[in-house]
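The structure under discussion is supplied below as structure tokens; questions concerning it will follow.
We call the chains A, B, C, D, E and F, going by the order they appear; numbering starts again at 1 in every chain.
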Amino acid sequence: MKAVYPGSFDPVTAGHLDIIERAARIFDRLVVTVFPNPAKAPLFAVEERVAMLREVTRHLPNVEVDSSEGLLVPYVRRVGARVIVKGLRAMSDFDYEFRMALMNKKLDPEVETVFILTSSQYSYLSSSLIKEVASLGGCVTGLVPPVVERRLRELWPVQEPGPGS
Amino acid sequence: MKAVYPGSFDPVTAGHLDIIERAARIFDRLVVTVFPNPAKAPLFAVEERVAMLREVTRHLPNVEVDSSEGLLVPYVRRVGARVIVKGLRAMSDFDYEFRMALMNKKLDPEVETVFILTSSQYSYLSSSLIKEVASLGGCVTGLVPPVVERRLRELWPVQEPGPGS
Amino acid sequence: MKAVYPGSFDPVTAGHLDIIERAARIFDRLVVTVFPNPAKAPLFAVEERVAMLREVTRHLPNVEVDSSEGLLVPYVRRVGARVIVKGLRAMSDFDYEFRMALMNKKLDPEVETVFILTSSQYSYLSSSLIKEVASLGGCVTGLVPPVVERRLRELWPVQEPGPGS
Amino acid sequence: MKAVYPGSFDPVTAGHLDIIERAARIFDRLVVTVFPNPAKAPLFAVEERVAMLREVTRHLPNVEVDSSEGLLVPYVRRVGARVIVKGLRAMSDFDYEFRMALMNKKLDPEVETVFILTSSQYSYLSSSLIKEVASLGGCVTGLVPPVVERRLRELWPVQEPGPGS
Amino acid sequence: MKAVYPGSFDPVTAGHLDIIERAARIFDRLVVTVFPNPAKAPLFAVEERVAMLREVTRHLPNVEVDSSEGLLVPYVRRVGARVIVKGLRAMSDFDYEFRMALMNKKLDPEVETVFILTSSQYSYLSSSLIKEVASLGGCVTGLVPPVVERRLRELWPVQEPGPGS
Amino acid sequence: MKAVYPGSFDPVTAGHLDIIERAARIFDRLVVTVFPNPAKAPLFAVEERVAMLREVTRHLPNVEVDSSEGLLVPYVRRVGARVIVKGLRAMSDFDYEFRMALMNKKLDPEVETVFILTSSQYSYLSSSLIKEVASLGGCVTGLVPPVVERRLRELWPVQEPGPGS
């Protein structure tokens, strides 16, 4: 079974990577696809997001990275998949995710959405929060893959000395 | 008892129409009133929203359509009503709706808000989601009244061939 | 329009009375009906709950009190009503109430359920919490009508001296 | 990939069957396993629940039915699976299901839990609600598979004449 | 123990003041700190927000008012505090507040966040709702301190005559 | 400031201990008080719960352990405290905890309840879940303090061999 894990991944976080690694153990093939969110001003270009995703998933042979635009379910069909993977973080994602899942089921009843619960240590993470903290000079080590941390530090050097320093 | 069902209705969905039909069976007279949401760029002009609402409620003799601006509760009083009708969709609307209901009760303790639960098959619908799907070329048949579907297709032709085609 | 406000009312609280008074202003006639909850050991007999409800609603000419058993929707039909009134308390009642409302709609699509939001000062009240506090000797003045407070004090005298005493 | 869909299934509902049919399209093999809930007095014996599940899944060649007791994750390993399937119904199941999923991940980090959203028309269904309605003589046609409806009617004949009769 | 109560306070509401008064009884010293929210266009300048906060907390000798920018936890350290106070309003603030609290704990594990529940009569208040109502000419007496009400009325005179007038 | 952390602690978990350690850094003195829950059949006697709490808090000089019965707020007053500490675990505890906090505020307006968020790695833990897993032979290492784990293993030896064994 082939599955698609869509997102804006601006940038990919440790929580996203956790979902990717777990989904890659469940499904034969997993396509991680960058869908730009037109309602938000992006930090990284789609190409750079794809490049970072490729780097952090290099150790997963059954994972490929792609980008697309437009409706999700026709895309899922075009790449030969029938399953959409979404991560859920405790209480925060239900509303939007469930409404999208029901809408996608209406648009194509044979495409299924499965939800994987984000590991509890990443339950508070989001790309937006990462960007907010990094832009204020906070340290995001461990919250994003090293390649993303390097890129964020190029944009915003760490200013916060940290506890005890 | 006369009731007011306020909303931005940009555009009216099958979920809105479900609430209107059910509220029209509960109350002697129902005024469906377009209140533009100043925080969102509109898709349809207020006049067009009113016209679409008039067309889809033509079969309901005790329903009239109106538009207004400003605070809701003085409007409710001006039209001689004492009840506000709001639709609730599963978990998504509680916070905003409940805070508005308590604020409206503070502004005029004699105006009551009653909530009607959206039918489960429409629980995921919203005007925003309809616009997002339609703008990407997705099919919204059954999710909006036919007159709205025609108008949306004039703006964005359907591109998605659908499952099996 | 005639409406039914069902509940176990074991005993009626100030929050219930708030809903009754507000529903009595919305609907032409309101039947407040005690449905015993077979899953809970009752504190007061159904007859006593009815008597207390009659006493606290004596000032509301369009309210009558009744008791019944079994399914709610056939009862609503039998008394000539088409609307069920339920109170919602902030976040606590959604799940059970919404599932019951959808089930009742399935059992009889022409019976509507409307929800009224409990006033914020009663949002934490429930008959169970009242009984728990009263049984431990706590003061429930203002949380239940005086007749209920007297009956609870006969069962459990107030022991808590209160702050500052 | 082999998956396990555990539950008490007392009895199986149309919502359960919806999850089974969708999971059977996602996974190569699906084991539906009755785990009795020791905290609830059962309506049907485990053997009868298994028999009803076998009957309603006869059309699904990659589904088998089993029963077990004790901890879930060692069972999942014993049957050679690595995925647990759970259904989510709108807002009602999050807390218990998420805590169980995190606990199961702690007990065996290589067993994954995936969640499938119950179709919106079944979002209010539960075995408990079915039993409550059926025991009061209500009609549950369409809410349970026909074989379950027959068994429930043997226990409790339908008394409710229905709307319009 | 010294604590910091951060917020945008644009403007301070009766709900904020309730939290300040209660936190001032719990902690030896409380710093109320205006952090501008860069994502929202402000109504009042930071200096004016600070001035209004100073006026409404004049009766609280262990409360001081400050303003800052950037990350919260290094600020908490700089002022010699180790506790962050946040108000919770029923169901509306959980997601954002809990994710911020977990992120802040990651950024500095020795800084604790404590939550105080907003009094039920203020559970629906927010600075945004106050501004929305006031800008439409609604009366906000009792929802904000008198000094804030005067300032809001200078910007937007009350137009709503109120019920019964 | 002296604070009380009440609970049934049947038995104390790693999540409870996390809250105790953090509250002990915030308040001058902390009383951890076992209140038996009369609605649940206990696993450990109150005396044993107190003994286990004493052992696991021995390293915290400003923490004492007590037990009581009846209403919480008069107890808080009797021990000379004015603050109640409660732990919140993501989405699961809001309803009950918030209603109790509002009721306790009504019973004694000068006693404050503060909430501390459970660390994300313990967000799924509860004494009930620990007992359920342990009674089925599951391994609870790391989820309870060692003294509690020993006691649970005396009652129920570990049967689950664990992954890979």
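Assorted remarks:
By our rule, contacts are C-beta pairs under 8 Å (C-beta built on N, C-alpha and C of every residue); 3 or more make two chains touch, one makes a residue touch a chain.
Please read these numbers as outputs of a predicted model, since none were measured by experiment.
Fewest steps needed to get from chain C to chain E, stepping only to touching chains, is 1. Among the remaining chains, C is positioned farthest from chain A, on the basis of C-alpha centroids. Judged by shared residue numbers over all numbers used at their interface, chain B and chain E contact each other through mostly different positions, with under half in common. Just one of A-F, C-D or A-B has an interface built like that of C-E, with over half of its contact pairs in common by residue number: A-F. For this pair, chain C with chain F, the centres built from the Cα atoms lie 33 Å apart.
For chain E, residues that reach two or more other chains under the stated contact definition are 90-91, 94, 98, 102, 110, 120, 123-124. Taken pair by pair, the chains that touch are A-B, A-D, A-E, A-F, B-C, B-D, B-E, C-D, C-E, C-F, D-F, E-F.
Those residues of chain E lying in contact with chain F across their complex are 1, 22, 25-28, 82-83, 88, 90-91, 94, 98, 101-102, 105, 110, 112-117, 119-120.
Within the complex formed with chain E, the chain B residues making contact are 70-71, 73-74, 77, 94-95, 98-100, 102-103, 106-111.
Only residues 90-91, 120-121, 123-124 of chain A touch chain F when the two sit together in their complex. Put simply, chain D touches chain C in their complex at residues 90-92, 123-126, 129, 133, 136-139, 142-143, 159-163.
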